[in-house]
Each structure stands twice: as structure tokens, then as C-alpha cells.
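Think of it as A, B, C and D in the order they're written, each chain with its own count starting at 1.
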Amino acid sequence: MNYVIIGNSAAGIGCVQGIRDKDKTGKITIISDEPYFTYSRPLISYWLGNAVTDENMKYRDRDFYEVNNVDTILGKRAVKIDAAVKKVILDDNSEVAYDKLLVGTGSKPFVPPSPGLDETGYFTFMKYDDAKAVKQAVTPGAKVLIVGAGLIGLKAAEALHEYTENITVIDLADRILSSILDEEAATIMQKHIESKGVKFFLGTSVNNFVGKTAHLKNGETCDFDILIMAVGVRPNVELIKDAGGEVNRGIITDKSQAVKGLTDIYAAGDCTESFDTSIGENRILAILPNAFLQGEIAGKNMSGQDFMYVNAIPQNAIGFFGLHIITAGSYSGDDAYEVIDGDSYKKLFIKAGKLVGFILMGKFVAKAGIYTSLIKEKIPLSDIDFNLLKDNPGLAAFSRGRRDKKLAEFH
Amino acid sequence: MKRVYVNENRCLGCHLCEYWCAFANSGEDSIVKAFKLNKDAMPRINVEDSGEIHFAVQCRHCNDTPCVKACITGALSVDAEGLVSIDTERCVGCYTCVLTCPYGCIVIDEKNGGKTVTKCELCVKNAGGEPWCVKECINGAIVFEDRSKIL
Amino acid sequence: MLQKEGAVRIPSGCAITGFISRDGRRITGADAIKSIAVMHDRSNGLGGGFAGYGIYPEYKELYAFHLFFENNSARVETETFLNEHFDIVNLSRIPTRQVKSITNEPLIWRYFVNPLPTRLAASQLDETEFVTKCVININTKIDGAYVFSSGKNMGVFKAVGFPEDVGKFYRLDDYAGYSWTAHGRYPTNTPGWWGGAHPFALLDYTIVHNGEISSYDANRRYIEMFGYKCTLLTDTEVITYIFDFLHRRRNLSLTEIADVIASPFWTTIDSKPAAERERLYYLRNTFASLLITGPFSIILGYSGGLMALNDRLKLRSMVTAEKGDMFYIASEECAIREICPDATGVRAPRGGEAVIAELNEEGRRKCL
Amino acid sequence: MSVNYIPSTFAVLRDTDRCIKCRACERQCSNEVHYYDADFDKMFVHEEQCVDCQRCVTICPTKALAIIENPNSFRKASNYSQQLILENYRQASTGAVLLSSMGNPQDFPVYWDKMLINASQVTNPSIDPLREPMETKVFLGKKHTHINRNPDGTIDMTEQSPQLEIKYPIMFSAMSYGSISYNAHESLARAATELGTFYNTGEGGLHQDFYQYKTNTIVQVASGRFGVSKDYLDAGAAIEIKMGQGAKPGIGGHLPGKKVSDDVSKTRMIPKGTDAISPAPHHDIYSIEDLRQLIFSLKEATDYKKPVIVKIAAVHNVAAIASGIARSGADILVIDGFRGGTGAAPTRIRDNVGIPIELALASVDQRLRDEQIRNEISIVAAGSIRSSSDAVKAFALGADAVYIATPALLAIGCHLCRSCHGAKCNWGIATQRPDLVKRLNPDVAYKRLVNLVHAWDHEIKEMMGGMGINSLEALKGNRLMLRGIGLTDKELQILGIMHAGE
């Protein structure tokens, strides 16, 4: 069997592990336009902030490719899939034949056009190379402007805080981290980040850039030495789209991760849409664990096993300046439980007698996985001691039978 | 592989396993030193108490290893036998594992301000042999057994 | 002051020998002397004795009582008792000859007696029981008197001394019987008393024994519940009573008795077929307190036969052999070879295995 | 009243250099002796509540604790011990009978310790139990001594009385469910089953869960008749009629209502929370002939298939009583000496009533032999058989088997603090409080019981081998194997043994 994987990040690695779970001998080839050993993209901010060495950027042990018998074609971009003859064509016109193909092309930064932007020059913050470029440019005390107060923008801000205290973040939304936090949580986090010296302009955007100055729509101006555009990302769907696969915002797959409309082609990771069980709709869940799991499922199915990817929910675990957030699921409940204690915040979202989502911050993040499991396993809260659980996430709240299953059996 | 299991009918909630666990992972040669001299001693096992219910919980070393799959750095790994261990040097404290562990068994290392997480590694990195929570349980509530065959 | 048998328990080691002519030929006591003498080193001069069966054919319907008296008044008292209970058909001193090494001999008398029918009837006992009771009575009640032989057509001869000297002393070459047993004693406590020498006898049961049983007091305290009185505190005495009890009074066969006193181990019993297992369980459990432990090799003499038995671990030596109608049992093979150099079938019976040699039809006709 | 005159009996020593404030002592003390004070960040004690059960000392991970007698002492007097003074104080404050538990701790002679065991030298060989078979199996029950033959000459074995076969001559004495915990009962039942010996329900009935161990269960019928039913009688391998108990001869029992939990109430067949009172006598047994009636009622109820045991306390005329029982149809007699344990007894009775088992056993065995009925009944000695050597001495005096209770409880964690009557046993034995009962893990405890009996059995076999005896039958009543040491002629005469050196 001849497996080809486009993409060398979590989905691709997951796919390798999924294939090797059963097929120890089939040929696996990974194609990536980045020239690096597989590395963890979420670590680029840590690397930039000098919290992680080059060595520790590696997502897997140094001997991963050898141990798993993987060929790599690094630094070359796949430009076309010829599904009819089962070939991938690379940017040097070379061809790679496949029996089974995984597309794990990830996403790319979305940079909205803005007058003067191209002239003034900017950085994005997705890849190792992005971080390297920023690191090369940044000088102690440099003025940094970050457009976008989402996960990427704020992680960049945290990293750059190691170099300068002169950081400004602007976002069109009226709160930071608007995709994962509600208003209370966002307010707490914003205050926390501001306490480190980072300035925010919210509910506004850049009107235009003039030299190293941004003119905001609210009339303010902001000088900068370094500009980072972190407004959003877009999935890399072109290969599939061109090959005739079904694409919405992201690539559409079935539960086996096979791309709809194509045969022997699978897709996983940020370039795909997943079925979010917490809301019952397809959406892009662009997070690393999701990418890995999808890749693994794809790999297993590519190697002839029969697995389905279910129970995907949005989930995030992230921290800024030592204040941690763990969130999951949807925030559209019919009931909620909320506790605020200083920087710590907890909100549990309940819908139809089940936990559907939560936001945890600060000291409340401990044992968050217990809540996650409630969402994923769709356990009716009436089956458990929710009064106990809402304040003390633990197995004590579960029925004896459920608990014995968790504790006394091998899983 | 042998794993640690607790028999809730036998667990007394004495919490001694937590102390022995903290000692075992402290690198000290006595439990007194672990608590009197070592500021970082911290258990990987946690006893939950709720009224008359008591039970100790630590990493189940489960088969799906959601924590390993979710780990963004590769710090968490599982060996061929199923032992889930953590390389704290590679941990950046993102807590994705905390988010995914359905047993609440990833322990945030409060002793270093939460910069990393830690977890039960069945004492393979310290004294080895039978884990200390098992060895020191005063009521035989915590056992070290291979139950994977039953699966 | 050293205590004699009866005042203190005296275990001992020893030599034993015995043989039987299954055809009932009468053999003189000289063979028994010769056989036991060769095992001289197994005794220490503190006791020797013989039992001969078929030696009193002329009085074979009468009980032959052999008695030791320490003094004449004991004899008078005993004879009064005997006259009250028995018809004394014949009485005499037992002939002896002077032997240098045999000293301090008591008065040694022999009585051929028949129970008085009136007394027997009045006692409501069976005859053997009546005789037994009388013997025990004399031995326990009359100071200085001791019945050391009380069977029919048989007799025990014993003394303090080496057995070959004892045989000479009692002129055993003058007696002839179809079977003989002999004993050389090595008591592990001095001094040895005439009555304490072997064989020990009750009615026609005699026991010669080499060993030291560890179950002694358990056996004694049990058997004494049944009217026996262990006055000598010797193994031989209690073993004789056990045989009397189980054989005469409970009608167990000799092999059944072996299953009681040298019972197989429970594990062995458990490995037997169901019926045999049940029988062995029953015997062992019913007479649990008669299990004899510790080393013993015994020859039981009785009218018409000999039985040899070792303890169940076989902690003492004992061999058997035969030639023609002769069957031999001895502590050592040399004791057999001495009187029958070409004996065949020499073997060491297993622990707990009862080896029985009895008069054949011809022998029974001649002797019983 | 503000002053109670009673100083604490014990002092709790804590090495603060070692104490890591894990608070396990606090969590595990049902008497609430230890407590943590957050202001001082230190552990403190209410030592007046300490009963010296050693739970905290045992579990302390840093071995920082020791319990000692309170060195505080009253002015010494030989006629008024501090203990006696305190007891009077206590009675003056409560107006109540003093209660105690476990065996009589007073300084009475322990005859076991004044008897020495024989061994073989030279003239007969000692037997090595590791190389030769060594039998300690026992059958309890009547032993007929007559033999009947079938017409074909084989032995007729149909007439045999029921026999209780025990693989080891050691059984677990009666301890009721109620006085001890469910887990303690389970441990005893499982150990007896694994060992091939018996445990005894005591007078509290048999929990449904334990019917599965019935082949190794002796069911007791006592004066309260708690939990007695046809099913219960059928569940026993033997039935024991408890006429008396060594620790409290002449009086009944009293299980306080607070120990009558749901399960205990079901098992005893009495309402939950009510006091369970066993009358002093059986009100249907005022004489030996009444006892005979009950014995035969029980036999009738169980088709004459099970041995009936009668248990009596060792009292002054125990030999005559035993003789009556041996003739009453009972198969097994249990004699319980005055040092035997109890879950609760009036102190004065425990400490002053009854006689030692050694003397009682010796005189009963001899009496039954004198009356030529020793074979009619087996004798089980109970009431302070503390070790394998005590057991060997009991066998040599005439016991067929022994009952042990205190050593069994020691095996499963009892520290003999003698506070059973408080019902707060920190070791999960003499309590019904679920959180405390849980502390006794039957999986561990039953193995310890099995170990104990195995260890004793090994020792018994060693001693038997030393004596040249390879079966227990040959040891039973073999008093020549014993010699007294430091005993008077009278004591030697009653024990039926000679003095050492004789």
C-alpha cells in the first residue's frame, strides 16, 4: 500500500500513527512545503518568547520518521491532485503516486485588505518561519501593533512581551478572544493582560496605514515598529476543490474522514469541517487535538480499519501571562452556573438537562476534563450529583456504577 | 500492563497515598525530608471525599490516551506497554491535557506556578516496582494489577 | 532410690525374635535362646524373656498362671485369692537352674487353674473377662505378687538378666512348643524389674516389643477406661491391653487392629477406593486414642499364631523369613540365620503392615 | 459537676520534627484524639479520649507518634490501686455497672506458662515434620466403642454419630455479628473455609451473605435465640448451645440498640435500634434434663445429621457439669475459661468469676475418663488459648481441639485496647459504624487468619515431632508429655501431671 500525506503537522502525524496502528509495512510519504521536521505550530509563540528551544519545537521524537518508516518530501508544495490517476503533482512538476491520500493542508492567515498595509509591511503568525521573521525584526522596546485579539494575536503579544512592554492590540470585536470567551471572562482576561502593560483598542479597526502609523476608525492613531496581522485564518481547500471534492468553508468529509466526492482521498485538520456535536452543525474546529484525532482516524481507515470520528466539540486550553482558560462546547444553554472569584471564573452551560459547554479560568481549570467528558458522553445531569460536581469536578459526583467503570476497569 | 486500581469499598479517605506519592516523586530519601525540606513535593494521586465515599484517583493509563493525542508539544507520550508518561521539559503548560482527561488526573504543578503539568507514572521513574500508593495503602484499597486481559 | 516399673514410666529399646512351626511341630526353647543370644548387644542385661506356645499340652484346658512373689506372705495371700476364685489343679515352683548372672530372684510359682463355676456365674462375666479381672486384681491389690503369664497352653518366662542367661535359668531347653518369642531388654531407665521384663502377657496374648512409643499416656488413659490398669507403665503392657481389648473384647481381626494402632496416614486413606476408605476412616476415628505413635516393632504371640507389626513410619528394624513350615521374625536377620541359615524370603515388612503367621490345619489339629 | 476526678489514662507523644501534618491520625481516630489547629499550623491532642488502640501510631507515615501510660500517678497503695480508685470515681459519676471487654487482664496464674513440653532424645526419634507426614486433622463427635458386624462379617458403620472433621485442631470461637463487624465475620468465614476449619456465628444469627460458607460454620443457639430459624440451623455444620461464656459466667448479654443496625436487626430478627438482651439462663433450661431436651429438639430439627455442641463457662464444679452434659446426648463440649474474651462484660464479673481453663480442662478430662465416658463427647478448650504451645498443652491435657478468638482478632488488627464495648473500634472489628467497619479489609484479613492458623499448625507439628508424635490423636490426653514448673502438689494433682525433673 502506498500512502501519501500532504501536510507535516498534527493531522499528518496523526495519520501516520493511525496507519501504523495496523499497517507496519506500507509505504508512507509526507509532503510539506515547510522544510522542517514536524513541529508544533502552537509552540511558535513559546519559541518566540524563548520558552521553547528549537529542539523542543519538534512535535515528535527525533527518530519519528525512521521508527515509523516514513519518507518525507520537505520544502516542496503539492500543487495539484490528479484523482483520476491517483497522483499528486508538486511545485517542481514532480509527481507522487498514491493508493491512499491524506490532505492535511491546514489553514493560512486571512489578511483583509487595508490601505497602506502592503506598503508598510507586516508579519503574520502561523508558521515557524513567521516566528523566525518576527524574532529577527523585534528589538528591545520596539513598538508592536497586533491586529486581532484572538488566540493568535494574544499569544503573539505574550511572546513579544519578552522583548517589549510597548504592545497594542486592536480588534473589531468589542471584547478579546470573542470566539471562545463570553463577556465576563473576556473582561477578566483583558484586565489581566492590561495589567502586564498591553494596550487594547476594541470595537474598532484600522482605517489605513501611513508609514509606521495606523489610523484607526475611532480616530486614534497608533505608531508601531512591528505590525502583526492576526485577524483570522482560512482553510487551505484549493487542492481538494480543484480535484473535484466537496468543499464548503472547509473540506467536507464523511465520518471516516474520506473526502466527499472523491475516492481514496481523506482530509483532516484545520482545512476540514467537523460535525460539532455540541451544536449539531458542521464547523471548522481548528485546534490541534482535533487535527490529530481526525488524522489518526483517517490513517486507520486508510489502512483498512473501520473507525469513525465522532464527538468533536470545540475546545480550547490556553493561557496568557499565567492566567489559564479552558473552554469547550457551546455557550447557548438554557441554564448556566457561574462563579467569579477574582481572576478565576467558571461558567457551565446547560441545555435540556445536559452540560453543553463551559468556560473555566484561573483556579477553576483543574480537572476540566471531567466537564468535557460530561459534554462528550452526553450524560444527563440528573444521573449525577451535579450540585457536587458544579463546584468540585470529580468522579465522586458520578453514580457508583459509572465510577466503578471508570476506576475499576481498564479502558 | 499492571495498572493502579482503587477499590472504593476499601478506601478510607486517609489521604496517606497522596503523601507517599508526593514523597515518591520528590527525589528525597525520606518522607520527612520530602515535606520538611522539599518545597516541591506534590502528589500525582488525589483522594476524592464525598461524605462516606472516598477513593483515590490517578492516571488510569487508559487505552485511548486522549491526553497524549491532545498534547501540543509531544511532552506526553505512551509507550508500547501503555504507560503514559510526561517529559516536563517539553511541557509548556497549555493544559490541553487537563481539558481532555476524563478522569481529572492531569495534575497542574502548583509548586511551579502552574508552568507545567505532571501525572502519575506508576513510580517507574522513582523507586520502581510497586507504586508507592499501592505499597503504602493501609487498607489494601489500592492495587497494582493487570486488568487489560479482561478487556 | 531408684524406682521400679510401676512407680515410674520406663521406656526401653530392645531385641526381639520369634518363630512358629505352622505344622505344629514342637520345638524346644533352645532355638529361641540361640536366636535372641546373637543379638546380645541389643540388650543390656536388665531384662530378658520368652513366651512359648503349646508348651503345656497336658494342661491345655487350664489357665497356666506364672507368678512372682517377693515373699512368702504374698504367696499365701495370693493362693487364698486363687482358691476363692479358681480350682487349682496343679501348683509348683517353676524349675530353674542356677545361673551366675541371675540374682535376686523372687519366688517363682506356676498354677494350673480353672475358674470356679459358681464364682464365674456369680460374676456375670465371660470366662476370659473373669480371668482377666482376677489377674489385674492380684497385680494391683496384692503387694509383692505379680502374675506374669496367664494363658492356656502357653507360658512366659522372664527375668532381669541377659536373655540367654534367662533362658538357661528357666531351663527352656526342657520345654517344647510350636511357637516361641523372645526378648532382650535395653531399658533406658534402671534398674529393671523381673515383672517389667518382656514378654508382657495377658491371657494368651504376649507382646515382645522393641521401641519407645510416644503415644503412651494417650493410649494408657484411654484403655484404662475399659477396666485395665497399667501398673507397669511400660509400652508392652499397654500394647498388650490394647490387643486384648480390640481382639478379645471388640472382636477386631488382627489386621483391623493394625489399621487402628498403626493406621495409615489420612492422605493414604484418602487415596483408597471408597469402601476401603470408609472402613479405614471408621476404624481410625472410632479408636482414635489407640493410635500408637513413636517407634515400635512388636511380635504378638497368641494361641495358634504370631503377628509382627511395625509402627507406621517403621522407626525400628524388623525382618521376616521362612523355610518350609517355619516362619521367623526378628529385629535382625542374623537372629534368623543363627537358627535357620538357609531361610528364604527375607524381607522387611512395611510400617503398619501386619504380618501374620498361624498354625495350618495340621498344626491346629495337633496343638489346639 | 465540673470536675470528674479522672485524669487521662494515656499520653500521646508526637515528634514534631517528624510530623508532616498529614492529618491521617486525625482522620483515622474515632475517638477524636488528634486535631489540627490552623492558627498554630500544628497538631494537638485530646489525650483523655485516647484508648491506646495504636491505630494512629501504626499508620503514621513518619512514625512520629507514641502512646504511653500517663506518667501522672496517684499516691501508691497496694490495697487501692489507681485503677480501683478511678473505677470508684467513674461509678460515683455515672451510677453504673463498670463495663469491660476482652479477657480478664488481672494477675491470676496462667497455668499454660507453668507447664513444659517434652521432647525426644536418643531413645526414640523426634520426627521432622518437613520430611515425614504429621497429622493434625481431628474428628469431633461421639466415638462409639462397640463394633457391630454385618452378616458378611464386614463392619457395620451405619451407627456412627455425626462427626465434625477439622483439618486443623483450631477453630474460631463464637463472636456474634453485632458484637463484631460484618467484615470481621466475613474474614472469619472465609478463613475457616479456606483452612477447612470452623468459625462460629455467636448468638447473633447468620447474615444472609454468609450462608455460602455454611460447610464451615457452627451456628450458635443462645439464651436470646437471636436469628434462630430452621434455615439457620440447617446452615450450620454443627449447632452450638451456649450455656455460658468464660468471660461472664452466670450472666447474659446485652447488645446496645445503637449497635443494632439495619443488617444486624435483620440477622438477629429483632427490631432495628432495640437493645438485644440475652437472658442469663435459657428460660427453657433450668436443669440438665431440660438441656437434654433442647439437644434432642435441635437434633430432631436437623435429622440427627449434625453434632450438637454445648458450651459452658469454666466454673467451680465444671467436672460434674461436664459429666452431665456428656450423658445428655451432646456430641461436643466446649469449656470456656475465665480469661476468655468478650465484646462487653461487667468488669467485676469478668475479673472475678470462673476458673482457669487449664484446671477446668484437666479435671473434666479426668472426670470423664474416671466415669468411662470420655469417648462419649469431644472436648474443645477455649478461653485464652494464646499460642500454639498453649494449644499443644491443651491437647496433652485432654482437649480434642481448641477455640481461639483473641488471637484471631489480633491477626486481623485488634490491638487489645479492650474498648470493644465503646463500639468505636478503630480497627473495624468491634463496631457497626460503616466508616470504621470499612477499615477491616476482608481480603487482607482472611489471609492473615489463614496465615496465623498455618503458622500455629507448623509450630504444633514441630512440637509434636519433637515429642516423636506424628498424629494429634496420640497427643490428646498424653499428659506424660507435660511437666509442671513451680506448681504446688495440689495444682499438679488437678492438672494430672508431674513436676519438671520427676
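Miscellaneous remarks
Simple rule for what comes next: a contact is a pair of C-beta atoms (placed from the backbone, for glycine too) under 8 Å apart; a residue touches a chain by one contact, two chains touch by 3 or more.
Treat the numbers as computed from the prediction; the structure is a model and nothing was measured.
Centroid distances built from C-alpha atoms place C farthest away from chain A.
Central chain assignment: D. Criterion: smallest distance from chain C-alpha mean to the mean of all protein C-alpha atoms.
Centre-to-centre separation of chain A and chain B, using mean CA positions: 28 Å. Chain C and chain D have Cα centroids separated by 47 Å. Each chain gets one centre point, the mean of its Cα atoms, and the points for chain B and chain C are 79 Å apart. Each chain gets one centre point, the mean of its Cα atoms, and the points for chain B and chain D are 44 Å apart. Pairwise chain contacts present here: A-B, B-D, C-D [touch as defined]. Residue ranges on chain D touching chain B, taken from their complex, read 17-18, 20, 22-24, 27-28, 58-59, 61-62, 434-435, 438-439, 441, 443-444. Residues of chain D touching chain C in their complex: 120, 122-125, 127, 132-133, 135, 137, 139, 143-147, 149, 154-155, 157, 160, 163, 369, 372, 374-375, 398, 467-471, 473-481.
Residue ranges of chain B in contact with chain A, taken from their complex: 3, 5-8, 48-50, 53, 55, 57, 60, 62-64, 66, 69-70, 72-74, 77, 89-90, 92-104, 106, 108, 113-114, 147-148, 150-151.
By the touch rule above, chain A contacts chain B in their complex via residues 14, 40, 42-43, 46, 51-52, 56, 58-61, 288-289, 292-293, 296, 315-319, 322, 324, 326, 328, 365-370, 372-373, 376-377, 385, 388, 393-397, 400, 403-404, 406-411.
For chain B in complex with chain D, the residues that touch the partner chain are 9-10, 12-16, 19-20, 23, 31-32, 35-36, 52, 136, 138-141.
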